[in-house]
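Take a look at the structures below.
Consider the two complexes below, in which chain A is the common component and chain B and chain C are the respective partners.
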Partner chain A sequence: MSTILAVLVDGAIYASWLFIIATGLTLIYGVMRILNMAHGSLYALGAYAAASLAGAWLRAGYAPLGSYAMLVLAAILVGITVGPLIERGLLRHCYGRDEVVLVLVTYALFLIIEDAVKLVWGVESYFISEPYGLLGNLDLGDLSYPLYSVVLVLAAVLVGVGLRFGIYGTKYGKLLTAVIHDREVSAALGINVNRIYLVTFTLGTTLAAIGGALTAPTVSVVPGMGVEVIVLAFAVVVIGGLGSMQGAALGALIVGLVRSSAVHFFPQVELFSIYLVMALVLAIRPRGLFVAAEARKI
Partner chain B sequence: MTPSRKTTLGLGIALLATGLLAPVLPKWALFLVTLSIAKGLVALGLLLLMRTGLVSFGQGLYFATGAYAAGVASDAFHIGDAVPMVLLGGLAAALVAAVLGILLARYRAIFFAMLSLAFSMILYGLLVKSSALGSTDGFNVAPRTIFGLAAGSALGRYGVYAIAALVAFGSAVGVDRYLRSYLGRLAPAVRDNELRVEYMGASVRNVVHINLVIAALLTGMGGAITALAVGHIDPEMAYWTTSGEFVFVAILSGTTSVAAPFAGALLLELLRSFAYEHAPNTWQLVMGSAMLAVILFLPDGLWSVFRRRRKARA
Partner chain C sequence: MKTNQSPRLRSTLVAAVVACAMLALPDTGIRAQDLPKFRIGVVTFLSGAAAGPFGVPARNGAEVLAEAINAGKVPAPYAKAGFGGRAIELVFLDEAGGTTKQVSEFRDLVQRQKVDAVIGYISSGDCLAVAPVAEELKTLTIFFDCGTPRIFEDGSYKYVFRTSSHAAMDNVAAALYVTDMMPKAKKIAGINQNYAWGQDSWADFEGSMKVLRPGVEVTTSQMPKLLAGQYGAEISALMGGKPDVIHSSFWGGDLDAFILQAVPRGALKKSTAVLTCGETATHKLGDQLPDGTIIGARGPHGVYAPDVELNRFFRAVYQDRFVLSPNYPAYHMAQSILGLKAAYEKAQGAGTTAPTQDQILAAFEGLTFETPSGTIKMALGKGHQAVEETVYGQVKQVKGKFTLVNVKRYAADKVNPPEGVKSADWIKAGFKATK
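For the complex of A and B:
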């Protein structure tokens, strides 16, 4: 019984983490049709920024609880500086090219950011574990979880609810939906598509950075930490259907549960169980669970 | 002279030059050229796929399959000669592609890229966990004989170099002939408009499937040659960043010439060894910037510079 509970809780925690990252990826794809290979690097940037900022906060001797605010602030700072820089400086010149070309462009960006991170922060690892242990533990039967994991789950729910409200409940969200459905008609009706793209990419970048910032206290922040994250996020959004928010949530849950059951029952298949699920879903529903098939065009 | 004869002649001259250079080249350069040829083979396979309109972020799957097949053939089945090891590597990869192709041939654009990436990551996960194949450490590979001659250290190096050069020559000539054949000419047609190809009575899926298998055959041989040259194989060969590097070479070389992938791979290896020596932490930065520059300013690859100039002169 406690094994099943452990699988469920581990799965939920892992899924929350995945959802925060994957939702940014799927948002960018949904609006801009860009499959952003550099998303994992933006996640790493968030983690580094968070480690530096929260580390400086704690060393300065301010209230330790404030370090949580620093984590989020670091992510937002990364989002509003790096996001517009990439969108205005690079991606804007590539709109209208083939989707695959944009994959290659963002792959090049991934390579560049990977080294830029090493140049700025060096190759040694950063630890900032204080926020992780600060809240104490939560006991579930005979299992004990750090309360920080609960914060992670809450953050994911907050992101999900916030985005849902933002897209369906605000005027800006309606404009966004219009651009998703038809970019050219939206532009013709006077929607500033360029600005929508800028906001979307900035928001997506911020989400990736938040994912990284919230992970920073739980791991050691090292070069190359974004390399695996990007393929995991791909798996999540491809399972759910590229560009679908509900899909990202379901995909994250599936991947989270698959991984945690693999870890508990068949540890030897842990690494590839996720990609196996991804391949299976793609084999049965080529465009993912939440996206309808598209008619062929001549 | 027909264009295909001309290409064969050009490639023959390149082969001859590669052979004549061998005694002059220092040890490190010999290794570098062997490795570039192996990667050039992979990029040649990608050229074929890109002509069909497909970009694969999972060529590491066939690369690792080829390398591991060569290693297992020598370890478990006592096939100690380098030539059958390379051929077996290619065949094993082609077999994998023939099976996976049933599924992969239905996909296009980013879905093709993602699914091939997923398959290569599955292999990576399998290799990392299989202790019989050395898990994350991999294992050493050394041919006992080359062309039936005992593989001493010096002879071994030249032998692998020679095999690489011969395989590359054969593959480049073969791919060039193929691209001029009926099936080969269908590839760009599939890229431009699949539905019209179907209207003409050709099977798009077969074209894609066949090109996948050929690309895997080349990639597998490239993997086996890499295994022989380096003397060691590990699961990193199947990781997606390895596949990404192949895509980089293919973008750099473009799809206009069958010789370009080898030149592109050599350029990459040269750049890499100099960057490692002088600025180890900026290597990927250089690679990424070069890739962006090529995509934005030379969409047909570096080779197109020569083409353009030739056209301008004519």
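For the complex of A and C:
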């Protein structure tokens, strides 16, 4: 297989993984104007829940294919329990405050969840590697890719298409768009903004958890695994433009392809290649690729 | 002649004589068990990706060994309870958080928590950052696991010791093993973490291979970020070059993730992996490794440890408490604690119950002592850097169970540079035995 094809395939797989994680981050920012530093912890929670649930499923001797359903179920469980708990229990008390305050609040939340994870699961590594090799491999020339990677790409496409349809093709999406444009006017028109926020944060949390759950079979699930991810997810959304779904997709694709190209052609610069692209994009378009410049209110 | 001394003067003279005698024979009246506990700060990863396979086993090893030492249950030559009768106390600290945090935590351990010595550090980055601070604070500090040779090759320290071998040994021995076991291997590739440990490891392995097998071709050297976690593109790049050997000094969660991602793609079947820290992963992922994978343990530790009384004792107390058998970071920790005990008791041999730090430092320099992994010699870095033999073997799955075959041992003097010579220069010069 030519190196170019390998770059494209590796880039697409990495971009898919990144997109699933980054899209939740950008959704929450777009609607709620919260730069959620705890997103990495929610990703880690998804991974831990997936390792526990799918692990229990396999240990009980049920059909191995069912472990995929367990991965998704674990992520949804995390989303619908932890998401509302955080939004109703903490964030709603902070609405209307400066964005920087919310960054600090979610950073504190990140630290709390990191320690809570250690309290519940300890510091030992968890493994749930079976689903990664279960579907067999796809051979492309000299290289072989687990079909699980194809599932990851399909999952990213599904998330992207689903969100696009949800936002542009449904009544709820139109209400969401109205809230994005102006919270006060939306509320004055009778839109239940609090409910929109609750649903958005729950959806964003679920997406982070799905990212973690789908990653769990490829890594050892350990405390701190969300730290690196949040840095990468921020790079993606900054390149694409904070709050832009299309931006997250394009940002993930750019990061995936740039990193993959660096690994194949210039491994010595791989470490900073992503941040070089981010710096270049910000130098030309300071608000990211998909966010137009705004007039400043004085 | 009758002296005319008053009883008061006589008692004063007696007291003066006794005081002089006490000065001449210092603290012979102080019993070691009456001294305050010897406090040791133990710094190891208690959270983060390195905690499970590295930090926690090391902490566990320290815990069971300290208890056995205080109870006087460690076999000879460490049968005396405590450090020469003086009880020890461990103060644990998490290594996670980066070098800046570790430097300030080290200061806290020494200045606020008043520890007598510090044993710690898995990350080479942390060791490089802490060493100058240990000198500044004049505190006996023992690095138990970090591997970069730069510590004593680029610096000279009075208060810092390392009781395990540095990375040059691991990689020179890995190259010797590859040369011995794979006579046809001509193409090599590497995947190592992009910081001191990974860079030094790859440089030493590549350099050694070029000496041992001139004309060897390097297909790629991948250097992903520490804790990157996702290695899909790197594995493709490695496979694309079709190397005979893939060298990796990955450790902790990175090593686990690499194995989990590379094995299903057949990367470790098409090429033979040399995992210099592989022993830590075998405890949970051993049954996933393909036959032929070359496994190192950074010395004669774990399954490679010699069948001696100290090793049987250490394995038994560890397994009794934690069920799993100790891995090499646990053995490295045992080396540090026993090395400190040996130095302390040697310093006591000079006629004092409570040796000063300077006396312990003097005793530690160039010390030879016994451990569960065999004999350790503080032979390099002006007596501050240990050397030991090392071992490599290959995976063979027998009826689904992980075993190691073709085990080869390399004597310390075959795989370590001579005193005063930098590893890189020694390798370039076509390393020779230092005897």
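Keep in mind that, in the parts below, the second predicted complex is superposed on the first by the 297 of 298 C-alpha atoms of A that agree within 3 Å, B and C clash if a C-alpha of one lies under 4 Å from a C-alpha of the other, contacts with A are read in each partner's own complex, and residues count from 1 in each chain.
Everything below uses one rule, namely that a residue touches a chain if its C-beta (ideal position, glycine included) is under 8 Å from a C-beta of that chain, and two chains touch if they have at least 3 such contacts.
Small disclaimer: the values here were computed from a predicted structure and weren't measured.
Annotation: superposed three-chain arrangement on chain A; chain B versus chain C shows a clash.
When the shared chain is aligned, chain C comes close enough to touch A:Ile13, but chain B does not.
Shared-chain residue A:Leu271: touches chain B and chain C both. When the two complexes are overlaid on their common chain A, residue A:Arg183 makes contact with neither chain B nor chain C.
Judged by the touch definition given at the top, the superposed model places A:Ser125 against chain C, while chain B stays out of reach.
Once the two complexes are overlaid on the shared chain, A:Ala116 sits against chain B while remaining clear of chain C. When the shared chain is aligned, chain B comes close enough to touch A:His93, but chain C does not. By the touch criterion defined above, A:His39 lies against neither chain B nor chain C after alignment on the C-alpha atoms of chain A. Touched by chain B in one complex and by chain C in the other are residues 114, 118, 123, 227, 268, 270-271 of chain A. Partner chain A is touched in their complex by these residues of chain B: 55, 57, 103, 106-107, 109-111, 113-115, 117-119, 121-126, 128-129, 193-196, 240-241, 244, 247, 251, 281-285, 287-289, 291-292, 295-296.
Residues of chain C touching chain A in their complex: 46-49, 51-53, 55-56, 96, 194, 220-225, 227-230, 232-234, 236-237, 239-240, 242, 253, 256-257, 260-261, 263-266, 284-285, 288. Interface residues of chain A, counted against chain B in their complex, comprise 35, 90, 93-94, 98-101, 103-105, 107-112, 114-116, 118-119, 123, 227, 231, 234-235, 238, 242, 268-273, 275-276, 278-279, 282-283, 286-287, 296-298. Taken together, the chain A residues at the contact with chain C in this complex read 1, 3, 6-7, 9-11, 13-14, 17, 114, 118, 123-125, 127, 129, 132-133, 137, 142-146, 148-149, 215, 217-220, 222-225, 227-229, 259-260, 263-264, 267-268, 270-271.
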